[in-house]
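Common to both upcoming complexes is subunit A, partnered first by subunit B, then by subunit C.
Up next is the complex of A and B:
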């Protein structure tokens, strides 16, 4: 039934994990649970942490800005619901451990699918100036919604030192299980294209590529059809790329499409490229045209242990527990709850962890999916088989780095370019000795940062 | 409902591979060679393989017990070492010699370095070198396959070469090992071209004298192909070894076709195929990077041919493997990978 499009564009290395997207790929985006309380993290993104604008007890409106920061690399946060600020307290954060959040008690919140942005026939990006778009993006608090959460305004704003030529829209979704971007592409097609045009206008890019993995033929078709019906979309092309993990990695995608390498430690604008996620493009359209801040997002709740896997449109700040319960809870004995997919997702211990703007999925894995050896964390000696070198998309030597970290030779780890690792997890995935190479490398990076006094011990 | 959930670093799934599955793959890859050995040397093959495997496993168990380390037998690496050692020994080697070789392989070749993954040299080759140095005569007394007429088999190559040649009875299969024959032939001024077409065919099927598992080129190729298809080994090392051995053999042959056998014969006979697919590809003792693998393979091929052509030994695989093992860490250091985005500027 499923005919894959053969995507020729690819990069060296990478792996082919089981896709597991069938669990939720045909489930339409549905409104999420009727939350009673949300906890909006003051740090949803890479960059400076926001300062709360309200006090305990204040009433806030849906869409009202509740946290902001003057720093350039930052983005404000908004209340997704109308309610009362219950407290400003610490909540579990997937990356930071504990971080302060504004907890808002809802007066009444009825879950809705936000009325899909209906594209006006007279939509024309020429009506908006580049500065206007950037400001709207900033005010709406838009950050990269694919996982990293980098403030979008910083990405799209023209920079005289690094002129941008190419805009790549990332619809790869290479991570197993996750389907939220796929559903967005099918259901919010026009909105995405409007967002792309606005981003193109703001960044001054002359060519746009929409990269979609070959295992999503329907999305490729829908996107192509929508592009045909739009005026002034000649420079926008849909590119089917090879189905392979981590195809959706920024650097890998650029390599696959443009055959260019982003300098190690550098960022895509250095070679004139901007990469935006499809969900981010959709959010840009909402922000600029309808003046709506980023307060909701689509989250895939999936995994073999979830009773009703699906894609849900939920307010940011909803707790993982609420979402899983809304999906019928878990049926089988589950072993791990992940924010994100199984390759790069973060296993959480606290189910009260709120989702952030960058949370694209909640995956509940069972012991079978994890595998016996990995579940037992049984690691054996490295036999130097070289599989990790073969799959490394950054052309590194994972086993050397990991073992240097293990025996605390951080200078050796640096000499093998530990900082160039993007932690995609391919090396750990293929390792027959089941060594947590990615884990060692992550640890090594933290040790190095401590050594250089970037983080307190 | 969600009790007892675990946390760990990503990724949370893995390819269902284990060291054991890799080793079992190698054992399956060695199966055709073992079968060929069983066919040509019958009970000798069975005894030798069983002896080596059992004593290797026992030695590893004993070493772990002495070092008070957890048992590591379940990774099957001792079995692989035992089989490879057995396949590289003369078929009629006394059992006690094989036991000494296996114990030396495991104890000195592997366990003293800290077990699997830490050894510098290929354990099986360490054991074989030890035996060659200690039991020179036993290690070079070859028997011919039992499928060959036993009367002819008794002809001793060293003394009967001239007689055989004079009688015009160049019955290739009676030679000790094909390579030893050509060396002897050169010395007795008969010329290496006595190495006939028939002889070449015999090296393909394995109906020649030689070590237990190295005689049948077809069986070894079959096993090697399996490992390549299963991606248990990379093609780089075998290809580099075979191509470089062929090139150096061809150079020697072109210079003096009287004294040296054709390059293709070099590939099909002796331990070269066993080495290229099963010994040199031992991941622990081979380089990690692609470029390193090429250098390693070319080095093995070149040294093997150097020893075979110039040296006193008819067979050079064992020494060339050990020599290249010794420089593997240096090769790895030389062939450092550069990140895809170039070296960081900072």
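Up next is the complex of A and C:
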């Protein structure tokens, strides 16, 4: 089949930031550092927080469940290493501030390139029932690995009220710098396809699209070739989508491929769509076929300030410090560490922050880059150029919302659909007046959440 | 000559005058009828309650202003006593209007700020350049090593309508002379540092820390943080330690010797007085004179 890598599929709005992916895109997935200690966050995902199942001093095996919760929207956590529970203490979490984590001291840990999973030649998803797959996914603690961390079981489980038809596998990786999904697609291709088939079986979807941005022709080719060699994969199609940020956003992807809009405030299952990340699909295969829980993930460590940028297979709970140290340490030039990429990533100050299931990258930027960054420069009044409106992929009016938040008119911000903002950062990126639009919008959302909970009567 | 001119002028003006007069009285009549027909009877009690209120429109009651609250109380007497700036005096006035009995609600609520670290006591991990507000700083970065303490960007000071809160050297200080207990500040703080407590005495003893870290990590990042050592609990049981943080049961607190001893023995000097005439809090490191001699 001739591969069309042009990528006609697109959505309105969006930007073209410098990709910077060549720092790490040709580096194979490598084993991470030999960690001595990991801190597994009890809250790795959206939904209820896990309760620890062990006490201080308990010995734990690699892959043993160490935290769980009864709530429907939740996922258990497992120990990635064999060792001893040192303490249950607070660690920094990029979103939640200080939050509890189980700190495990390793007896011995030898880093590997990938899990011990091996796809057998006679793999057939028909051998597994939908219920079985959902249960295995839940038990393995799989959550969305692209960033948000929504429990995957909840996504793929059939729901009679919202029947699912389409499964979209998100291999866009539109965020600059990050390459972990790209490497997974190249190196774990068959595993991803096995995972996709299992997810398709569990959710009952009839068509599957694997969306890959046009700037990754190799991944598109590899995927297509692998699909040909698999039996029963006619309904799975690779779609080259347009290279544009934020193409990997759920709503943007659905818009680009299916030309459908997810209702504001709604979720994709409402229109019969499930979106899964490629790394999540790979984890599903491991969980269902070999009963391996989600304890490791591939993290891209990148940025101009990192000596050895690359993609590393590391235990979840490894501290950012260990990982950066492993990649050549913090150089003098480095000035800002981000969990995630430069657009949607969150700046962290505490390098002891552990990696969670949803951490796809660590980006270290140099002082020079920060100095050139917009917000270090002078902020002026809005010049009403309308560029933020043009690029907003959610068709919002960022300047109106941001200024409403700035001057505390939260009802105005709400009437301009502040909650529909996906915090992609496009508006801040283009604003010639250097206004921190996304920052204000984020702040406003927290304000509103607090207000709704706290006001009496 | 002049007279003739005036007369001429008059003759040209009077029709206009009469027309205006006619129009005026016509409209007056319409308004009169309308005001009778469309009369809205306002309960005089609302007026009375409104007068009893302090008319600060601060929103402490949870309503948009004093007028709204007056209406609401009339409908639902349960809401009596929500006006914090007015205090018991206002409540009893409103109760008179509504023919109700007010129960004694105890001492007035006043805010305490549970962080006493000044700029020099705090450890910073990074430089924060974002939006200068506590809510943004709290959400976007864990800049300050202590994830529980005051961020000093003053969201609370902006929320206070009575100029009773000030940031002094990185600490949030309440001016208890000006504070009316409206609770606006405690709602504004994203770290829930400001707690409303029954202020039974002129000065109250407080544990000025909010850190739930283990003693060891608190010590490593803050000179004046509570390490949860439990020395205070041994002196008197109004203290309790939970999640590595000491707390005072304010409903049972009274100034006595045990509490005073607990305060002096606290190794990090995190137990301090706050109030109208509170003494300057002691600095950690320097042991009280009596203790060194003994």
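We adopt the following convention: the second predicted complex is superposed on the first by the 438 of 457 C-alpha atoms of A that agree within 3 Å, B and C clash if a C-alpha of one lies under 4 Å from a C-alpha of the other, contacts with A are read in each partner's own complex, and residues count from 1 in each chain.
We adopt the following convention: a residue touches a chain if its C-beta (ideal position, glycine included) is under 8 Å from a C-beta of that chain, and two chains touch if they have at least 3 such contacts.
Given the structure is predicted, the values throughout are model-derived calculations rather than measurements.
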First, second, both or neither for A:324, with subunit B first and subunit C second: first
Touching partner for A:310 - first (subunit B), second (subunit C), both, neither: neither
Which of subunit B and subunit C A:439 touches, first, second, both or neither: both
First (subunit B), second (subunit C), both or neither touched by A:431: first
Partner chain in contact with A:90 - subunit B first, subunit C second, else both or neither: second
Touching partner for A:176 - first (subunit B), second (subunit C), both, neither: first
Which superposed partner A:394 touches (first subunit B, second subunit C, both, neither): first
Partner chain in contact with A:144 - subunit B first, subunit C second, else both or neither: neither
Comparing the two partners subunit B and subunit C, which touches a greater set of residues in subunit A: B
Touching partner for A:346 - first (subunit B), second (subunit C), both, neither: both
Interface residues of subunit A shared between complexes with subunit B and subunit C: 346-349, 375, 436, 439, 442
Subunit A partner contacts - residues on subunit C that touch it in the complex: 62-63, 79, 82, 125-126, 129-131, 133, 135-136, 138-145, 147-148, 187, 190, 212-214, 217
Subunit C-facing residues of subunit A, complex: 87, 89-90, 92, 97-98, 346-350, 353, 375-376, 436, 439-440, 442-443, 446-447, 450, 454-457
Subunit B-facing residues of subunit A, complex: 12, 15, 17-18, 176, 251, 255, 261-266, 321, 324, 329-330, 334-338, 340, 342-349, 351, 365, 369-371, 373-375, 377, 380-387, 389, 393-397, 399-400, 416-417, 419-420, 423, 425, 428-434, 436, 438-439, 442
Subunit A-facing residues of subunit B, complex: 1-2, 5-19, 21-22, 75, 77, 115-118, 234, 283-284, 286, 288-289, 336-346
